[in-house]
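Multiple structures are listed underneath, in structure tokens.
You will see two complexes here that share chain A, one where it goes with chain B and one where it goes with chain C.
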Partner chain A sequence: MSGRTIELKNVAVRLGGVDALLDVSAAFDVGVVAIIGPNGSGKTTVLNVLSGLVRLSRGSASILGKNLSTIPAHQIARMGIARTFQTSRILEWTDIRENVAAALSRTDLGGNGPSEAYRLAEASLTAVGLESLAGVRASTLSFGERKLVELARVHVRKPFIALLDEPVSGLHPSKFPIVADVISQVAARGGLVILVEHDYEFVREVAGQVVALSAGRLVGSGAPAEVLNDRAVLASFGGA
Partner chain B sequence: MLAVENLSVVRNGRHILDSVSLTAEGGQILLIAGHNGAGKSTLLKTIFGELSPSRGTVRGAETGSTFYLPQGRTVFPSLTVSEHQRLYRSLVPVSERPDTRLPDAVLPDLAPAGGLSGGERQWLAASRLNVGRPRLILIDELTTGLSPAWRKRMLENLRDATDASGAPTLLVEHNVRDAVAIADRLLILRQGRLVLDTAAAPLRQDTARLEEILLL
Partner chain C sequence: MEYLLHLLVMFGIFGALASAANIDAGYGGVLSFAYAAVFGAGAYVTAYLLGPQSAPVWLALPAAVAVGIGANLIVAAIASRLADGDFAVATLAAHGLFAAVVANTDLVGGPMGLQIPQVQVGGLSLSSPIVAAAIALSLLTLSVAAAYKLQRSSLGRALRVVREDAVLARSLGIDASACRVAAMAASGALVGAAGFVFASYVQFVHPDSFTTREAVLIVCMAIAGGLGTPWGAVAGAALLVLLPEGLRWVGLPAASEGAMRDILYGSLLAAFVLLRPAGLFGCFVPAAKPHDTTVR
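Presenting the complex of A and B:
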């Protein structure tokens, strides 16, 4: 294995005639990276690039030295990468234990069967504080509870790379430490977490590096205290 | 005026709302906060009529005159921003359309909504607030996914819309620290029960008290 965990070189993405990313270059090793920026600045698009969900119009993106354009999205997931979405995507018709167990791939299970999957799922539901709802049908959950189920789906896979899109938005502040714990567990295993977040207090608390995007360009990168206090960066966000 | 009395909702054996009573005067914003799963969204859905209560009554929520913004950024992916605005206006009787422009200048008119970011979709869905004169405003998360600057603008826009329409407003929101600036009262739901109903203005200065309340 050579090179950085994730490397973006001059990445440009055009979506529906709009430039979502323009010439973004960045590299990440391990730890916790937060992407901040105004609405529509390209934050989620970076996560979509890393999940193989959008095509680059220019530049290259690689994970562990492998060029992403050569790997289909489902195989990217098998490389130990897990992600959440802003609006949760869970299976409505099953209970939440099943929802979490279903996130485990055969590789994740390493030859173990369903009973091991359920045991791991229950441990992850405990980690996000939803153990009492394990048997509840997902369709009856609230928005915030669904986000925690998604987080459990990431937690259960013990991913090497976790991509989290606004993990605390829509959550009660009492749940923030749960999210911070899941994040730090990935980092503590020597992994990389990339999160998109508008809550700067949370970012200060969990991130070791902050990357600022504005109108599809990288406008700042560094320690949280540096970037979040950088007047030029905040000025580039304008009234947005 | 909105009057909710003894509202209870039981779904799949879960007691989601438990004897909730509240009243909201015209032009008042009630900020409703609480833990995830406390029953906040269920309260709005039941007042709107999307869910039937197991017990209790709602008065002052006549169909057709209620503005309800559900969670989940509901926009039409294939319609552009300006097509959404035309659609929003067409749903409101001409006599009830105010002359004000939508707070839309931030979004490109011709962009299909499907290509917008999550925060931009939220902005577009919420901009429907500026069309028509609702008699009741129900909002399930106004600022989720919005940047700090947009949060402030959207909350101020809600204050203006509430003042202009004279409608009672129920705002479910997790960004309580921001939203308390425009609210008249703060209500806390906990495990389906209303455990606090207090004036919002004193909490703008008394941040220690506000932090205490947020731990409820």
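Presenting the complex of A and C:
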């Protein structure tokens, strides 16, 4: 492995005339990292940078030593990076099984056909508790079920890096252990999970490191107990 | 009998064209209005090679297919740069460019068109209605089989993801451009081959055979039949090739028959969009959204 798993150096991103990130530097290896901060602080932008969906205005971002500015988004995903979105991206015109199977490439399937993709998809739907809905059309799903379908997509890919955008937002607390379990599976394989989350209790439970952003700047980084109790950090959130 | 065979030829050719449009729009999410131009390019290349160049059929058919692929890949290149509405207008402009070029190029007969001598293969004339019907229906069968194969392939699955959500596709490791290029090369080959069948059947190509009316008609067939399903194109072609023929029996004056067809096509398209947007057999309604969405 060359370099840190993920490294951000003086990263700045400007979107539609607004500074989404300003001079952010951070590095992560393995385990579970939570990014916290108020709305508009740049948390999702970090995930978008790491998945190649937005380009940097300044600075550099690398994964395993590879500079992301030269790699198209789909190739970044093929490096073993899976993600979820704040507003779930679901294929409305097809069923849930197909939604999850769509995450598997021919390489993932090792030359096997669609039946193997569906078998793996069903196993991942079982892992997130949606096995009974496998054949249901995705457009009928609730907000929380959509979140879990995206989580199943991450699960089925067995990624080295998982980027999860507010994975428990809108979920009933009884489903939180499912999310925690998927997160711990990635970490247990020696991978890295970066999650954006507003639920600090959940962050305390699953994260080994917390990074705090406010107005596009890094305002804190360290162990969860340390950052989540840091008055200066919380004050920068505007009373959050 | 000859009239019925002629209808079968047109049904086969336009079914293949609509099937190609379904591959691009129904699976790839690219709704082009340039099929008549791509079709015309295949027909003109066939006519030029078989006519003035006296080239053999074995050269003209691959050339028409290659030109179809090349022309549709130009459309794919346009699609990769423009959002849906802009793209549709750009493909209409591309069609206009094609029409202007062929109408003003002496090499292909300009406004007079290009005559082709009768082409024989194994003692069979390609302009014979029964031979042409067999060839056109074979092409239609091939196009439906291609759509079936695509639908069940990993490329087909990837295309459906691209069609619905380009950002999601990228985050799943799908190369949207490569998928679209592969699909549009396949559909371009079908359209080019349809151009060959048409030119060798009618033995004459003229700018009037590839107008915006044909461009819109092909898209209407794909939409009316239903996007995203192999049988949609067949149903759409059957509906829009055969139904207007019924006007012949109504006893309209010959001068108003063309206008009545246009009214019928327009009304049918409007009715499908309003009442049954998924078409006769379709499972997908194209959404009015850009190919790619800026993510924040």
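Keep this in mind: the second predicted complex is superposed on the first by the 238 of 240 C-alpha atoms of A that agree within 3 Å, B and C clash if a C-alpha of one lies under 4 Å from a C-alpha of the other, contacts with A are read in each partner's own complex, and residues count from 1 in each chain.
As a working rule, a residue touches a chain if its C-beta (ideal position, glycine included) is under 8 Å from a C-beta of that chain, and two chains touch if they have at least 3 such contacts.
This one's a predicted model, so the numbers in the text were calculated from it and none came from an experiment.
**Student:** Clash or fit: chain B against chain C, after overlaying the two structures on chain A?
**Tutor:** Fit: chain B and chain C sit side by side once superposed on chain A.
**Student:** After superposition on the shared chain, which partner residues are touched by A:87: those of chain B (first), chain C (second), both, or neither?
**Tutor:** It touches chain B, and chain C stays clear.
**Student:** Given the touch rule stated above, what does A:114 touch, chain B (first), chain C (second), both, or neither?
**Tutor:** A:114: touches chain C, not chain B.
**Student:** Should A:65 be classified as contacting the first partner (chain B), the second (chain C), both, or neither?
**Tutor:** Touch status of A:65: no partner.
**Student:** Classify the contacts of A:15 with the two partner chains as first (chain B alone), second (chain C alone), both, or neither.
**Tutor:** A:15 sits against chain B and chain C alike.
**Student:** Looking at the overlay, does A:170 come into contact with chain B only (first), chain C only (second), both, or neither?
**Tutor:** first
**Student:** On the A-aligned overlay, A:208 touches which partner chain: chain B = first, chain C = second, or both, or neither?
**Tutor:** In the superposition, A:208 contacts neither chain B nor chain C.
**Student:** Contacts for A:44 in the overlay, against chain B (first) and chain C (second): which applies, first, second, both or neither?
**Tutor:** A:44: touches chain B and chain C.
**Student:** Check the residue A:190 against both partner chains and state whether it touches chain B (first), chain C (second), both, or neither.
**Tutor:** In the superposition, A:190 contacts neither chain B nor chain C.
**Student:** After the superposition, pull out the minimum Cα separation from chain B to chain C in whole angstrom, please.
**Tutor:** Comparing every C-alpha of chain B with every C-alpha of chain C, the smallest gap is 6 Å.
**Student:** Do chain B and chain C land on any of the same chain A residues, and which?
**Tutor:** Residues 15-16, 44-45, which sit in both footprints.
**Student:** Hey, which residues of chain A end up touching chain C in the complex?
**Tutor:** Contacts found on chain A: 15-16, 20, 44-45, 48, 51-54, 72-75, 77-78, 82-83, 85, 89, 91-94, 98, 101-103, 105-106, 109, 114, 117, 153.
**Student:** In the complex formed with chain B, which residues of chain A make contact?
**Tutor:** For chain A paired with chain B, touching residues are 15-18, 37-41, 43-45, 86-87, 136-137, 140-145, 147-148, 165-166, 169-175, 198, 200, 237-240.
**Student:** Can you name the residues of chain B that touch chain A in the complex?
**Tutor:** 11-12, 14, 33-38, 40-42, 71-73, 106, 108, 111-112, 114-120, 122-123, 141, 144-151, 153, 174, 214-215
**Student:** Name, in rising order, each residue of chain C that touches chain A in their complex.
**Tutor:** It is residues 152, 154, 157-158, 160-161, 164-165, 167-176, 228, 283-284, 294-296 of chain C that touch chain A.
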